[in-house]
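You will see two complexes here that share chain A, one where it goes with chain B and one where it goes with chain C.
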Partner chain A sequence: MNSTPLTWRETMAWGLLGVVLFLGLWSGLTTSGLVPRQFLPPPQEVASRFIQLLTSPFAGATLPQHLGSSFMRYAYGVLLAAAIGVPLGLLMGWFRLLDDIVTPIFDGLRFIAPIAWVPFAALWFGTGIGGPVMIIFAGAFPPCLINAYRGARFVEPRLIEAARMLGTGHARMILEILLPAAVPSIVAGLRVSAGLGWQSLVGAELIVAAAGVGFMMVQAQGSVQTATVMTGMVAIGIVGMIIDVLLRQGEAWLRRRRGLEA
Partner chain B sequence: MIGRRGWIGLGTVAALIALWFLLTTVTGIVSGARFPSPAEFWLSLRQIWGRGYAGGQLMSHALHSLKLVAMGFAVAIATGIPLGLWMGWNRKAEAAINPVFLVIRPIPPLAWIPLAILWLGLGDSAKIMVIWFSAFVPSVINTFAGVRNIDRPMIEAARMLGTPRWRMVREVIAPAASPLIFTGLRLSLQASWTTLVAAELVGALVGVGFVLNMAQQDLYPGMILVGMVTVGLLGWATTALLGMVERRALSWNMAARD
Partner chain C sequence: MGSILFQNVDKVFGPASSGVKALDNINLEIAEKEFVAIVGPSGCGKTTCLRMVAGFEAPSAGVISVSGKRVTEPGPDRAVVFQQFALFPWKTVRENIELGLRNKNLPAGERNTLVESALKLMNLETHADAFPHQLSGGMQQRVAIARAYVLDPDVLLMDEPFGALDAQTRVVMQEELVRLARVNPRTVLFITHAVEEAVYLADRVAIMTRRPGRIKEILDVRSIRQAENWDRFQKIEDVMDLESFVHLRTHIWKSLREEKGSQSI
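Our next item is the complex of A and B:
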């Protein structure tokens, strides 16, 4: 193995080479006419289309408006998943009977891809807001539940025994012992949930929606506007990355704070 | 022997089935237009099993989907594991490829579906392409992490014995990284199914996702449920198969742990 780590300068040089090669190949293939524009537009065309869509509407709205309506559904779905998944996970971590009842149901549903809920979601909640929210929920719920549960199950037994000896009741035990101890695990779960929810949102909007980035991409695909499809991909990637970075920062902040407290 | 957990689990499942029956058939609180009754589910299952639905019988739809997942997954493994090994082994390769990865990775695999349809149409190749994309990333990342986590002394010992490069990769690096490689494969498999179902829902002419799509358009709750159960069973069966392969491949490691 080339075991000596590269210096910062070498890393940057090789990284730059990789990106330049990638972009060069892409633009070389497309501008030379080897690959038809309709098939794969050159990078500069995607960039200019991106800027154009910021102000001029496509499929009924501009790109920021599409992103806005996507994000609203996304926020509803993820918040709902956290609001149900985290408390349920904690309760399952404390009450053994609840754990034994919910786990088989959960295990049975686990193998159904969240996106397979699309037909029922459309049937039950329509294609406006409710349907997509339910699919995002289906994607984001499992990590919320699992991580809260694990966090609560692996609390140091001594803490629980000490609290029990002092006669702590169920409610206080969950809120004041399990919850604080499970926070790191819960936060890690929320980050995974946020990523999966964003992914489910894209899927939901491709199939059932009348607005949003996914809808914009399907419309563009229908009229063979490859640059618009790729603009949607870029926008989805950027928002996904921002969400991830923000949550990572939040996680680091929390860890620092707890570190100071301890 | 069935333990306490098992009995409660069985009881839960029985109670759910009873509740299903009660809500849909006995009391009719949940109407058949929203969720099928057990009888409707059974009729839909018999229809697609025998006469067929959405252009084929259940087995042919399921086998078609299974074939696409197997192909996309195989291509992803065949490209992802070597790339991950290479990036783990060669720091320059890592430095060059990582930034490209950082740009492409935030785009969820499902977002490639419209582009894949534009490029390759509604047939099988578009689906294999998106499955490949979705399964590729977890295999690369976990393989890479697996190589980087190998104990340095092991590599140095092998190197001191003058192990040639190819043997080093095959007999030291790949086995030592294999627990994490399998973690990546499990994630890849899950991603493959999600992507396939989504791709078939967006546009297809055959497959489980297509059954779901048709059932949705026909407002046919019984068939929707049949489609979902099939998706779940396929996911479960392939995961179990991968688990068996993993136990075999890692038996040396498991024994060492015990």
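Our next item is the complex of A and C:
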């Protein structure tokens, strides 16, 4: 890293250059005939397919409709992960026994990729809403739990001592001391969870039989419509970026607010 | 209510066989409403003494009891004022003070009355809804003292409470504590390495040796304070000029210097 700081404009310009070079290389490879179109559709074809799919349906729905139903599943999965992971993490951070019981199982399970759950998710929860939500849940759950746990575990020891000296019981200790102290860590965990949940989407929708971006891509793959498959990939990338940018801003806002408080 | 008793207390950190012995056979009896300061070289284990009374740590041998009951865990009968204040940053001044009362399940009306009087006692009325970071160090420590006092504890445990404050604020707080002790006397165990502070505030001063900490000497300041009528002065600097004060201070200094001597600090 050199030390000259770049202005915002310069950073944008270099980023744009990267995108242009990438598209140029992609376009060059495909239009020159070096790579067959079926192998890799050129960017302009993907772009026009993308625009076309915004309004005309494929596999029963337009691209925004597919994205909408994907997003619903995704929201359920991530919210469920947060609703279980954060409280469980805080409890594990306070009750040593629970920590000792859960940690070994969790440490094993979290290395299983979400997509590995596909067969069982379909078997246990069906291919409607339950199965896909479980796969997204599997992706989003570990960071929720780990960050809440670490946040609770590494609270300033003096604050715990002060609370104990004041006669604070378990429930109040968790809700009024550990939880507020762990907020920055929990929020960072939620952001990672949101990203991993979205990444698990295509895997989740391999087993969906109705709608969704992943479903659309599987259908397109079946009829060798590579431009449509790639349109799905582009859409997933764009939505993922938007989710990340929004959450980053939310996190920065929270940090600023807490910076004023703490 | 409010006596503190150390009986043959040892503290070893680490495994019993190979650990570091921090405290060696501490015996100390603090009477109800008595103010005892412990001074000693850094690392002598004086803070550990306080932490064991608070119930944050257990003695390796011997017994510590408060009001005749053996200490096993922390509790609101033994309120602690920490050097680094340990206020909850996400709670306002009022909420910080109120937490201990909520834990006692007092009704809201009664809590309010007690919080208001604690705010008044420490001159915090105008800062009741501020967050700790909005206050100076001295004000934060006032909140911590109010949070301790409001519990109506049997004993007050103060661990170098003014160590993090600047010299001027420190003097104000010392005078404030003397005022409090007159208005609302408590059993106080006060840890400090500031000799003047100990002599100015305490009824008795216990001097500790360096590690492993033992109680070397206990000085009766109260009898001298009463005989020389220190209380006729409002300001700490006037008391500090008295010959009787200087004499006591020098005595403690020399005693501590002996402890530090072999360490060449």
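Just so it is clear, the second predicted complex is superposed on the first by the 238 of 262 C-alpha atoms of A that agree within 3 Å, B and C clash if a C-alpha of one lies under 4 Å from a C-alpha of the other, contacts with A are read in each partner's own complex, and residues count from 1 in each chain.
Following the convention adopted for this analysis, a contact is a pair of C-beta atoms (placed from the backbone, for glycine too) under 8 Å apart; a residue touches a chain by one contact, two chains touch by 3 or more.
Bear in mind that the values here come from a model prediction, so they are computed numbers and not experimental data.
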- Note on the structure: Larger residue footprint on chain A, choosing between chain B and chain C, goes to B
- Query: Now for A:E161: first (chain B), second (chain C), both, or neither, which partner does it touch?
  - Reply: second
- Where does A:W253 make contact in the superposed view: on chain B (first), on chain C (second), on both, or on neither? neither
- Message: If we overlay the two complexes on their shared chain A, which of chain B and chain C does A:D100 touch? Say first, second, both or neither.
- Response: first
- Task: Scan A:W14 for contacts with chain B and chain C and give back first, second, both or neither.
- Result: first
- Query: When the two structures are overlaid on chain A, which partner does A:I177 contact: first (chain B), second (chain C), both, or neither?
  - Reply: second
- Query: Of the two partner chains, chain B (first) and chain C (second), which one does A:A220 touch, if any: first, second, both, or neither?
  - Reply: first
- Message: Need the overlap of the two footprints on chain A, from chain B and from chain C, as residue ranges.
- Response: none
- Message: Help me check something: in the complex, which residues belonging to chain A touch chain C?
- Response: 156, 158-159, 161-169, 172, 176-177, 180-181, 261-262
- Item | Residues of chain A defined as touching chain B within the complex | 1-6, 10-11, 13-19, 21-22, 39-40, 97, 100-101, 103-105, 108-109, 111-120, 122-124, 198-199, 202-203, 206-207, 214, 217-218, 220-221, 224, 226, 229-230, 232-234, 236-238, 240-241, 244
- Note on the structure: In the complex, chain C touches chain A at residues 54-56, 73-76, 78-80, 82, 84, 86-91, 99-100, 102-104, 131, 133, 147, 151
- If you look only at chain B, which of its residues touch chain A in the complex? 4-5, 8-9, 12-13, 16, 34-35, 88-92, 95-100, 103-104, 106-115, 117-119, 147, 152, 155, 173, 190, 193-194, 197-198, 201-202, 209, 212-213, 215-216, 219, 221, 224, 227-228, 231-233, 235-236, 239
